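These are the structures, in structure tokens.
Both complexes shown next keep chain A, but they swap its partner, so chain B is in the first and chain C is in the second.
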Partner chain A sequence: MSGMNSLERVVAAIKLEKPDRVPVTPLSISRSLRVLGYNTAECLYDPEKMAKAKVAASTKFDDDSCVAGTDLFVESECMGSKVTVYEHTPVVTDYFMKEKSDINKLRVPDPKTDGRMPFVCKEIEWIKKMIGDTRVVVPVTGGPVTQASQLFGPEQLLIEMVLDPEWVHKLLRVCTDASLAYWDALIKAGAHAIVLLEPFSCNTILSPQQYAEFTAPYCKEIFDFSWSKGVVGVNHICADTSLIWDQMSSIGALCLQLDHVVDLSETKKQVGKRICISGNVHPIDYMLYGTPESVYWKCRETIEKAAPGSGFILGSGCDLNPNTPEENIFAMIQAGKDATYNDDLSITFVKDSFPKPVN
Partner chain B sequence: MKTAAPPKVVAVYGFLGSGKTTLMLNLARKAAAANRKSAVLINEAGDVPVDGKLFTVNGLAVREIFGGCICCSLGGDFIETLKAMLGIPKLDYIFVEPSGMADARQLFHSIQKHLKVPISRIMLLDGPRLPLLLKAASGILTRQFEAAEIVLLNKVDAMTRDRLAEAQELLVSFGIRGRVGHISAKNGLPKGLEEEILA
Partner chain C sequence: MDENAYLNKIREAILSLSIPGTEAATKEALAAGVDPLEIVKHGLAAGLTDVGDKWLKKEMFISHVLVAAKALKAGQDIVEEKLAGKERDYVATLVIGTPKGDLHDIGKNLVSMMMRAGGFKVYDLGVDVEPQAFIDKAKAVNADIIGMSLIMSICLNKMEEVCELARTEGLKAKIIIGGPATSSKVASQIGADAYGGFDAPTGVKTAKQMLGLS
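Right, the complex of A and B next:
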């Protein structure tokens, strides 16, 4: 099929059907704002400005998605952790819970009124007004375990997983309820898909057994809720995930978004017949410091590993740095445009848009 | 004309409560006492409350760098900031304190790849809590061990001789490859080690 718009192309990939060519969704969040000369701080509480910049960026680069929101601290900020806004990203700088008993002070946020939740919802409404259903409108959110680490501190959370797992489950219940409330509002605002950012659950931090106990059941609730509303859940974990791909693919998300450290040909072999995979070009080595030629050919290599058979969306392994050169983003998008699907779901590159880099 | 030598980059890292900020401040004070100029790059929210005021007292330039995402935060911003600091004239040391949850191996690899500067890599561990930490955070600690030139067991003044021996055995059983020492950071480093780090 030819002439798909971006939304149709991404949906085909997620359904493991035939897109016209490889869809591309670089994780361009704060980088997008630079297109109109903005930084994150000045847009955080101005959803119209934020939306205009995101749309301008996705239109300029011809990105198949338009990412709403900026970070994974929205939920924990609403629940009381202090967030400091640096030039291009807000960050938790003081954890709400000083003692375990502070769990009793936690309350599930109201997305209509609390913190930045209503601003992200408004941003989605603005984006939808501007581009309708032509590109995937996809907000980013924090996963329950990651939220818990932002409320109590990551090291303390790891220790309590050993000393007092029951208490950790109680905390994760509140975080999951926060996610469910927020996702409901994001869906009502018009999101086509929602990314659950759960970096705390990577193999470098949690064991596969801990993932099964502390992450999987709560994320499953969120992904199941989302799909019950017809909205696609995207399971994003940065860093190494190679020990948990099977689990990550079995909890209701329809897409795995993976970081540069994993080998996507292995991912494809293990789970590629049952779930769409997205990733995983190095956001620093290639996107920030590479050349258009090196980015293009790295993308081609990534496509060859994971695109045959469908179920693949080309992207960066994690959020692009705001200083990422625009030529490198164009080169990534071009690699997807050059990779067309044949009827047997094999890939043909219609041209070499960049010469191979000389090492 | 001979160009000035770049500042020495010293990374002090470890879990929350391991004493890395205390050790870093001690090193910076020693450097200042010897009329050497230092700067500090911090990627941490929490631990000892480090603010501009504290470091101004010690005559240090401080850059804080925080990222959005626990595993990726130390990427481009960290490298770009360190690159800018390497250009500060007449600087002798840059003390780098990555987040306690940093994937140190990946971070140092990226710094060396893109900035081509050597880094002294000192990992601190909270000695009394070592058995618990190894149980709770073996994944991230393994990556940190792999990146360390020196692993220092801190707060040994709060440990009995038996507990210290037990902790050292635990480290051996964990397959620590680098040098292992023990200190009490609040009392400063043993003289030889301090001189080695600041050499």
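Right, the complex of A and C next:
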């Protein structure tokens, strides 16, 4: 089964079949742009430049994916929240809704014309023109609850989840419709998979009951829609998710992308037989501050926890810091290349590319 | 009812996340002659600390903490005028904010609330704070602790600047960092004194331990 290209390798992992070796997709966004000396701010409205830098990075590092887009504020920005563009990322700096009645002013965006949606779609088209179907082209988007937090403010939203849940459902309806419109456009532009970034729904913030009530039904609609078009939905939640893996695996996404705070051997035990898991090397402690040796062996440890049986994609727990040393990214990719699958879906490391770090 | 029964009623109202219940229990305690400072410390703040303990055990979550804080505020508004001129006895002074470039304030706000409930005098500088502003405020109020909360790792360098400035200017305040983009490794890397964890109650515990208060 050698000679798979990146797309085939990732698809095999997602279908819980046998890839040639462990696929690797570090979540590299602003870090990728630096490969051509750019920052996010100067590429945000230039999809060609953005695409060229992303392709240059995934080619240089031999990453199995190429990530389109930069952040999870695109939808809420389109619906009226103000965004300030910092050097490495845009951030919402003024929420659109000042009071609950402002919900009546919300409009579902048109991805052809509104905000940065057409720019991300164009970026995907450029990436596809350059690399075709050789690597997974995967845009990042904001989940409905995360969008709602960026339209009304996180604290206010959380308070209303207790005091006025019916109103929160109305707001989530609009956010979900915004996602559906945007995902439709991203799929038409050529995305192979789409990441739903839903950090606001982690267990550090929401209870499992709140996830079931406010997150799961809306995300399910979005994941079911994308799969009806043959596009894989990736369910990404940063921070702690240990109380909701079962729910996260039951709403139509085909891959869970998890953060460094969770133990992937536990995730694998609970849900690994029915969904692909991606993660979860610490983007700061290892990827930014580690050495190639420490990164490589941490990746090997992660692979041993979650790769046997297939259904695993090695990655970073969250997006890479723009200052992440390139040696550390190469070391991560190398760990995946060294981990080959046997016919019984066990793993053999064909070599030790780096010596074990001395503690 | 003795004084403790009135105070417990306030605590329970906060723990059950009832804003009207907290208002009623606070008025009742005041009418019965309970000291307003006691109401704040052993009724309202104690109730929020109870909620924080449940949060640590994952029996309650941030929504519940925020509604409890709203109930506490409603109670505090009622005792406010009776408190005029009376200062709480604070255990220590904290200056807190998110570093320049990071505008996520929910974690920082929760730490502020829980620190206040834990008896700290809190100066909250808000979000997007310049490194020098942390130092200047800490000097001006003779702070025991500077707290910084970070979600976006791209702002780590600004956190590091605060640590460097604190060292070069010989600040007595200890620096605690917390939030998703931090860790004990980050703390040692940038020269902070401690990592206060992912959640606010752990932050309060860390601060108290550092100052020998627990």
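The working rule: the second predicted complex is superposed on the first by the 359 of 359 C-alpha atoms of A that agree within 3 Å, B and C clash if a C-alpha of one lies under 4 Å from a C-alpha of the other, contacts with A are read in each partner's own complex, and residues count from 1 in each chain.
Following the convention adopted for this analysis, a residue touches a chain if its C-beta (ideal position, glycine included) is under 8 Å from a C-beta of that chain, and two chains touch if they have at least 3 such contacts.
In this text, all values refer to a predicted model and were calculated from it rather than measured experimentally.
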Combined model on chain A where chain B meets chain C, clash or fit: clash
Which of chain B and chain C A:T204 touches, first, second, both or neither: both
First (chain B), second (chain C), both or neither touched by A:V162: both
Touching partner for A:Y95 - first (chain B), second (chain C), both, neither: first
First (chain B), second (chain C), both or neither touched by A:L72: first
Which of chain B and chain C A:P144 touches, first, second, both or neither: neither
Partner chain in contact with A:P111 - chain B first, chain C second, else both or neither: neither
Contact breadth on chain A, by residue count: chain C or chain B: B
Common interface positions of chain A, toward chain B and toward chain C: 86, 89, 91-93, 154-155, 158-159, 161-163, 203-207, 238-239, 259, 261, 283-285, 288-289, 318, 321
Interface residues, chain A side, partner chain B - complex: 70-73, 84, 86, 89-95, 146, 149, 153-156, 158-159, 161-163, 197, 199-200, 202-207, 238-239, 259, 261, 283-285, 288-289, 317-319, 321, 323-324
Chain B residues within the chain A interface of the complex: 15-17, 45-46, 66-72, 75-77, 79-80, 100-101, 103, 106, 110, 113-114, 132-133, 135-140, 143
Residues of chain A touching chain C in the complex: 30, 86-89, 91-93, 154-155, 158-159, 161-163, 203-207, 210, 238-240, 243, 259, 261, 282-285, 288-289, 318, 321-322
List of chain C residues in touch with chain A within their complex: 17, 58, 60-64, 66-67, 70, 101, 103-104, 106, 109, 152-154, 156, 180-183, 185-186, 189, 198-199
